[in-house]
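Presented sequentially are two complexes of chain A, the first with chain B as partner and the second with chain C.
After this line comes the complex of A and B, so read on.
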């Protein structure tokens, strides 16, 4: 049983990290909670479903379209909502939350209110230590890790990544040094949207598509930011693993119906006893 | 019975769900335009966004259209159908009933409500005394209300077999197939954390398991918002049971598809509401094979008599969106509305509820297939005792839970979804069109 918990916890945590990393990036750069972040997952998942199961095109095209759609949504949200409201974080948060609700209604209009199960990215099952693991979730977890490490390397090693770090530390100082913070913001919002949509493809392939599917990823993302208290990729990975493993442990050893309660409880406990988060505040 | 809920839009105190709002608005406009010439108003109460709710509505629509086409009722009066959405919410259900009673002043109500919603509006029904037919809820407690207070419950009828009758026949399936044929001795119950889940879990632990000689190893409850069942299936495997008994009415397609995608190496049967509809295969993205579930009749995979087949043909020609086939309650609504109108003809209308109810009890539609009784839409007499359970079922549809099922329809059948997307009835034998089958990955 311990091995099952380790395997399932590891798989789930990788996915959670991918879900939350875009949200954390936005928070790290602009100190903004993008409450429409879950909508990227919803849009990505439905785009993948539409391409693969309604149009009948290859899945890889569905994945690519989902990522482009998510990136486009990120840029659109930044240009149409965030930039006009810059300086008023509460207004941005309210606006993005309303946007998420509007997008949910749009999904209901287009696809209906009933849940849909997308075909897995990779069909089949592999058994490790008597634990059945769907290839699709294994691929999703491996892809998540590769993407997260690549993103970490990009931020640490590339010129643009270092500019992102500078904006995250001190936007005014970065501007004095000649960094175009508007360009950096657009890049970060597009990365956030694209990764969110890709996470949506993985997440929906593992679970389901439904118009309200944006809520759970948003709660996970908020929990990562509040509990982690940071905007760093490594911090995201750490907190995603705390949440992922605890969910699997609670489900397996205590009571499955308490699974969602744990994440909520963790947010409250962090706010009460560690309001700056486990890892304090850092640049991305 | 119970099914999934969905968000909605509030309008005039009634909750209309999502995309159905505009459809409902158009329907309402169309109905309003015809009301000037209408004499008999039939209200529909149920969820306009659920497959089951829409099955009842559509069954009623087809019945109303056929009655109108044949000259109307009660001296040539035309019938109009007025929908009110419950959104599968108790409070909205009560408001919907009040809307139909007070604003629309309907003569008769056909319901596609889930258990909790029916329980919510029944006090209003007792107050308004509007003849009402439930086609979906199977809660035995409502029949007990009829026994305890027959005068107050006079307007109420239920034309689906109540859940005790469903469970009694399912116990036979447990004895004959799960224990007798498969040789399974222990079960792990995987039940959603709802009132429905609790009720069915109670029936399985108190009745199925002891009578069939199957030990309940563990009961695992899960939240209906669960989207990752991998740890739950691991827990079920670790219980050491021979098979999983699933109790799921909300989002059943998620647990079903993950069972298939993860190829959980133990059989799973039980009550899986989404698998009762023909849209199940599409809903699971084709990952729904190997599941079996109890279902009221007529179910998917059920051979149909000519009358029921004609209803299905009309339905399919008329409706192109889901549900692609009416659920059992669509059939119930179709026949039930016609029977309610026939009872009104005999009683001189709906105003004298006692007279209407008295005539409703006399309704008896026997549908035959190949010369033998196949389905029956009649009601138990007030003092009749069902011999096997030893209890009365006044105002409940007449059912038969004893072989050879020649008195009425069986209370339920067990249906099987195969891995190629086809379906069959596998129990009882008289109605069987296929065999119980384990998924290919279960050894």
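After this line comes the complex of A and C, so read on.
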């Protein structure tokens, strides 16, 4: 039982970190909550389903389309909502929430309101320590870890990554280094969208595709930012594990229906007692 | 060259305007080319470095990463420029992996100047280079500014409240009063002007002898 919780906890937490990382990047760079973040996951999941099960092309094309679609959505949200509303965070939050609801309606129009079960990314089941684990979930977790560590290295070591940190820590300082913050913003928004959509492909392996599937990942992302503070990548990883393990423990030991409730409870507790977050500090 | 003026005379705003950080009217020319309204990215690319009054460092980055971020527009000569900065400020080489947030005021000023030098500028704008620093560090910074001018061939433009400091360091002065130029010229000449001396340099500085000027090459700033 304990081992099972450990394995499940690590698998779920890796995915949660991937879900939340784009959201925390956006929060870090513009102090904006992008409430349409869950829609990237929905778009990615449905794009994967559409390519594989409606068009009938190889799954890898579905994954690629999902990533490009997510990145394009990120750039579009930045260009059409965030930049015109420059500086007005509340307006951006309301607009992105409305966008999320519109996209949900669009999914209902295109795919119908019933939930869909996408084919697994990699078929089959593997047994680790007597726990049956779907290959697709194992692959998703490993891919998430590789992506997160590469992203961390990219932000720490590359010129563009340093420029991202610079814009997030001191926009004027970045400007006097000659960094064009619009260009950096577009890069960050496209990374955020692309990773969100990829997380959607992975996430669809856990649950099913449904028009309201954007809500759960959004709550996870908000929880990671609020509990973790303005997120560094490492902070995101840490908090994703707190939430992931909490959900697995609640699901296994108490009742599966309560897992979301506990996550939201954690948000409220964090807001009350640690308003700046456990790892609160203003950077990527 | 130094721009002298009291608090609120418009020195920082002038520099922000040159960098394209704020909207300006009129024209800003660098070596004859207009850079007006083209923004900070263009200004840095055209060869202007800026060490701002509040430094605007990246607090949670290491000293080294702060300097490397300054090399955004000059990535081909990073090694060379880094060596130059470390020769000028050996302390930055010692503190390489320390976070900027934990550095002292003098070290922050050095990071700020060093970061501006990483873009290999021809013109360096330095806003209040010695404000709030201990006299010993002030002297160190003043010396480094002179070395940038004399050894590296940079045109250095400083904004200073302390007129006595400015007149000792700079060949030329420009005196700014609530956004307008009150006087300008060679430092030695201005030091002879009774009215200016009593207003800006204090009565005691009357017999002050300005430093022998060295002609600064580089961009033509008048």
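Convention: the second predicted complex is superposed on the first by the 284 of 284 C-alpha atoms of A that agree within 3 Å, B and C clash if a C-alpha of one lies under 4 Å from a C-alpha of the other, contacts with A are read in each partner's own complex, and residues count from 1 in each chain.
In this text, a residue touches a chain if its C-beta (ideal position, glycine included) is under 8 Å from a C-beta of that chain, and two chains touch if they have at least 3 such contacts.
Since the model is a prediction, treat every value here as computed from it, not as a measurement.
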Tell me the contact category for A:53 with respect to chain B and chain C: first, second, both or neither. first
Does chain B (first) or chain C (second) touch A:165, or do both, or does neither? second
Between chain B (first) and chain C (second), which does A:179 come into contact with in this model arrangement: first, second, both, or neither? second
Please work out whether A:150 is in contact with chain B alone, chain C alone, both, or neither, and reply first, second, both or neither. neither
Output the chain A positions appearing in both contact lists, the one against chain B and the one against chain C. none
Considering only the defined contacts, which chain A positions touch chain C in the complex? 159, 162-163, 165-166, 169-170, 172-180, 281-283
Residues of chain A defined as touching chain B within the complex: 1, 4-5, 8, 11-12, 53, 104-105, 108-109, 112-120, 125, 130-134, 136-137, 206-208, 210-212, 216, 247-248, 251-252, 255-257, 259-260
Touching residues on chain C, where the partner in the complex is chain A: 19, 21, 39-41, 43-45, 50, 52, 55-61, 65, 68-73, 75, 115-116, 119
Residue ranges of chain B in contact with chain A within the complex: 4, 6-7, 17-20, 49, 51, 193, 220-223, 225-228, 230-235, 237-238, 251, 253-254, 257-258, 261-265, 279, 283-287, 322, 441
